[in-house]
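Chain lettering (A, B, C and D) follows the sequence in which the chains are written, and residue indices restart at 1 in each chain.
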């Protein structure tokens, strides 16, 4: 099948969704900039022009509220942020308005709003430009949270987000944009709440989120060399979360390792572990292991970035601990 | 010992901290109002005057930044909010500045800032005035999060917060202010990261947060009537979290039920369950049970508030499930 | 910043007394259709009586939600909303009863909502602070001060993209001018010349805190300047003056002339939240309250229209009776309505 | 809003050329001590050469963090900071090198920080966007646009509470005027008459987006009016003009006269982030760039001081050589410094 880069898949999804549905428009800081947002919005700008793809002032909070208002009025705004850290400026509009308006008015109005934001990493971007805040959004009822890890999922999930009638937060890891993979040319819609088995295996289940999926696949490769067959599962969406798939797999392998791009405590790995512990009572052969960020802000120095970010090596180590029971 | 109401304990802690340390001052919307903040700040206003206790405009974001700036300049601001929902307006200042400044400057500056906010409940305050957002803050390294459930802890933990040299988020449940309990008259400092056994028991461990401690005690009372001895543990602080205490107890009882005032998914109950599952491998006799809010915003109608909020009844049910294994 | 009328802006002061003395013709009413003037009166009367009824019933504790009454402020909501079409939209705040009613929201739906019933305008899920009636353009309200302001900018943007000549109104209080998002919204609307009316009802207080302890200046309209949109001050207890200012801003917006910030100078009679008077709290003086009550807008317009021969006493009494019946019917409907089923808890989430 | 000088505000235009023609005495310099004028020059030169050195070394990929250079904008940071005392405080943005240096921050600490070394001014933990030197009042910087603005209001409040006559400065760019928190901060400082200088360095762009597509007007100082504080526009490529405006605002603030918003009209020569020129991106014209480069502040002051006989060429060359040595020493120090130990990762958190 045709190969596309992650960034190209997002660009294609955006343009196909806009072509199918004139209510979809794109706004955000730098969305019309050739260098902006890793080139994921420029294509739409060139195809649909500045009336449907427009640059904005640095007023993230009001822009989010604008998105909610435009959504209530029958449009589907795609609001784009260069970094998910900036979403912290918009938490009131996201959690108090976007997530709740439909509920507060008894379903009379809906808020079809998609918000894309990038998880930064590396090159000393440091504490305020490299956070991975999915747990914060996944905690809020009324929101959907998607974290595509492959080009195919990036397109399929974004298409679904842009056709859904509620607010969706799409978090994209910076290190995924240049990765390639097969992507169907037609429009297709990857359902929310359905994870995927990225690599089948019988000995241990590794649930990995976003960029950690790639690390998990590397880890699985290395483990295979030692005769250990790891099954890698990508939940793809965190809210809703496909616990059934995770639990089926872990029930079979008896071992579960969870790898997240965010902080460990009160993070995504905690919810997955908690659900598995609840539902897999008596079925696990070893304690669940979590691979996630240590409890500190992102350091600037490259010398500290290395020990800060866990990866395939740490996943392999966690799997081995798990195999030792 | 002398009995005080929760609200009185907070008032006393504030005044004692201000008397001991002239760098402590109080600001927030309505802090000088006799009816404001459940009367927890008026006493300090009357004792120390408007130079150290002052009302503010409705600019929560800038006020938080002001707090950070004043803290860096050697003061200890106590910023007070009538509802923790308003903290969503200040997430950038809390998570990007207060929590990270010390780290970003390599420890050259510290941010001793205490932020109090109230968890609303009942009387149809609905979706935007009744959230319980502790999980959001507990996830962020650089912050401490405290949730006192008793008057004694309210005083002791607030004293500690006001003498600590980092940012502390103190979340107080509205239904606790009129509860009474013994409170020492002298100053004392309840350490962060040390939970308390509120009621000893041998059959099951109930970890309860904030107002859920009261529900857990009711549940324990009811269970005792049936010969079931529940141990009730109040972690008191969520970041740092006293997992050791929780695990020691659950290791002994073999059964763990967690009750939180927030939403279930990606909530506080998930982290506690995840840590227990990791550390109590082979020591539990039944799956961990979680009692938390359903995955919906707070409804307005009293007819819906009742099914929305779990309490002693649900805790009792969870305990019984746990005893059935 | 412009003052809508000599008497505008100094609301509460001597110069603000509306209408001429006996005999003289009322220039303020010139050119306005009698039907409109009567409608202004009936709408204000409906708001007033609905809220007085809430206040009267509140002690029964069957209205189980916080209620922020607009008694004394009816002219702002009424003057603005009657300058709108049903297809024009409005968003509001915690104090949204008047906006909901003035925009044409159904009284039964409002009372049922306050009573937490399934028949409420929000199915009982929102309560007093989130009244919604999309069928007449009332898109709801946020209980977070200034939270709904940017929504109006978004609906205006959407309307333009849809090629509709709708106008969007954001109602908010003086304290909302202290929230950054309000300033971002004003600037965004000005930048894109969007058809938005920013209506700031300045009642001089936020909860029990006077404006002077919250802002360095007194006029909210002054704050429009730095975002490059016009700001207008109007006597918020003169519904006719409010209507004229709103009408002009609406027409300007519809023509593509861009947004306007309208400061409506007015005053709240009852406590910030709840049914009672609160002079005992001591944050405002009886003198101040009396001065504003003397300029109470509903009775004020009644006398004025009678003087001008637009609405004779007899006809007014008939209309008042009609309003009483509407309100009584709405209360009865609410009380007789069922509460939502527990299952409703899980509906309308994602 | 006030324009600091006839030539202020129209920066980049003809009228903005500084200083008199040959022969005539330079009125702009009148009353300023030669030592100060030389200090203004040396400080700007230090900033310029430090940043040109960063640009030159960046391709080595040993500076492993995003660097936002102020080349062309040195006059703003310099003119303001030399009007301050070391005990006065400043906070800054992603583009903070110039503020750090002008405030008196140590060059070794800065370069070591850029190189991610343990000897960096933030121990290697902050990088280019968070330069901090509390010992000289540089309290750090936020990489979130406008994120640090309210911090200055807080340090000013604290200084007043401590009975100190310190002044707090918030440096920010034109895009920070689009953030609500900036407006909240301006209003708060005005309300409490706090000793704050809000210094908006308007370089006409945010990343690659021109001001006109982001704001409805051109003058940032105009945005002070609605928060009831004075706004002043100054030619940001004339360090002497900046110094005079800052000095006046600082003295006013110290006297308890309250905050001032100073708009420094200036221009960035290099790309938004990184060492290169970016005319190829097409978001600005060569003509515009050339016009501003012709008004480049460092050489401009050099010529002016030479003309005025304040700083003869020979002495300037000596000073320049000294600056070269400082920068070279700082780079050598940085490159020779150790990286932080992994254990440092876990220090300075709670």
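One rule holds in what follows: a contact is a pair of C-beta atoms (placed from the backbone, for glycine too) under 8 Å apart; a residue touches a chain by one contact, two chains touch by 3 or more.
On a predicted model such as this, the values are computed, not experimentally measured, just so you know.
Q: Need the most distant chain from subunit A, centre defined as the mean of C-alpha atoms.
A: C
Q: For subunit B versus subunit C, what separation do you get between their C-alpha means, in angstrom?
A: That pair's centroid distance is 38 Å.
Q: Suppose each chain is reduced to the average of its Cα coordinates; what separation in Å results between subunit C and subunit D?
A: So the centroids are 46 Å from each other.
Q: Based only on mean CA positions, could you tell me how far subunit B sits from subunit D in angstrom?
A: Here the centre of subunit D sits 42 Å away from the centre of subunit B.
Q: Using the touch rule from the top of the page, what residues of subunit A touch 2 or more other chains?
A: Residues 56-57, 59, 61-62, 85, 89, 92, 96, 103-104, 126-128, 141-142, 295-297, 299-300 of subunit A each touch two or more of the other chains.
Q: Would you mind listing the residues of subunit D that make contact with two or more other chains?
A: 120, 122, 124-126, 130, 142, 144, 147, 178-181, 184, 187, 191, 214-215, 349, in rising order.
Q: Could you draw the chains as nodes, link the ones that touch, and say if you get a line, ring, star, complete or other?
A: The chain contacts form a complete graph, every chain touching every other.
Q: Where on subunit C is subunit B touching in the complex?
A: 64-66, 113, 116-117, 120, 122, 124-130, 142-147, 175-176, 178-180, 206-209, 213-215, 281, 283, 339-340, 342, 344-346, 349
Q: For subunit A, which residues count as touching subunit C in their complex?
A: Where subunit A meets subunit C, its residues are 25, 51-52, 56-57, 59, 61-75, 77, 92-93, 96-97, 101-109, 141-144, 166, 240.
Q: Using the touch definition up top, name the residues of subunit B that touch subunit A in the complex.
A: It comes out as residues 85, 88-89, 91-92, 95-96, 99-100, 103-104, 126-128, 131, 135-136, 138-142, 238-239, 241, 262-263, 265-271, 273-274, 277-279, 281, 286-290, 295-297, 299-300.
Q: In their complex, what parts of subunit B are in touch with subunit C?
A: The contact residues of subunit B facing subunit C are 29-30, 33-36, 55-62, 85-86, 89, 123-129, 294-297, 299-304, 307-308.
Q: Show which residues of subunit D lie in contact with subunit C when the two form their complex.
A: Against subunit C, the touching part of subunit D is residues 178-184, 187, 190-191, 214-217, 222-229.
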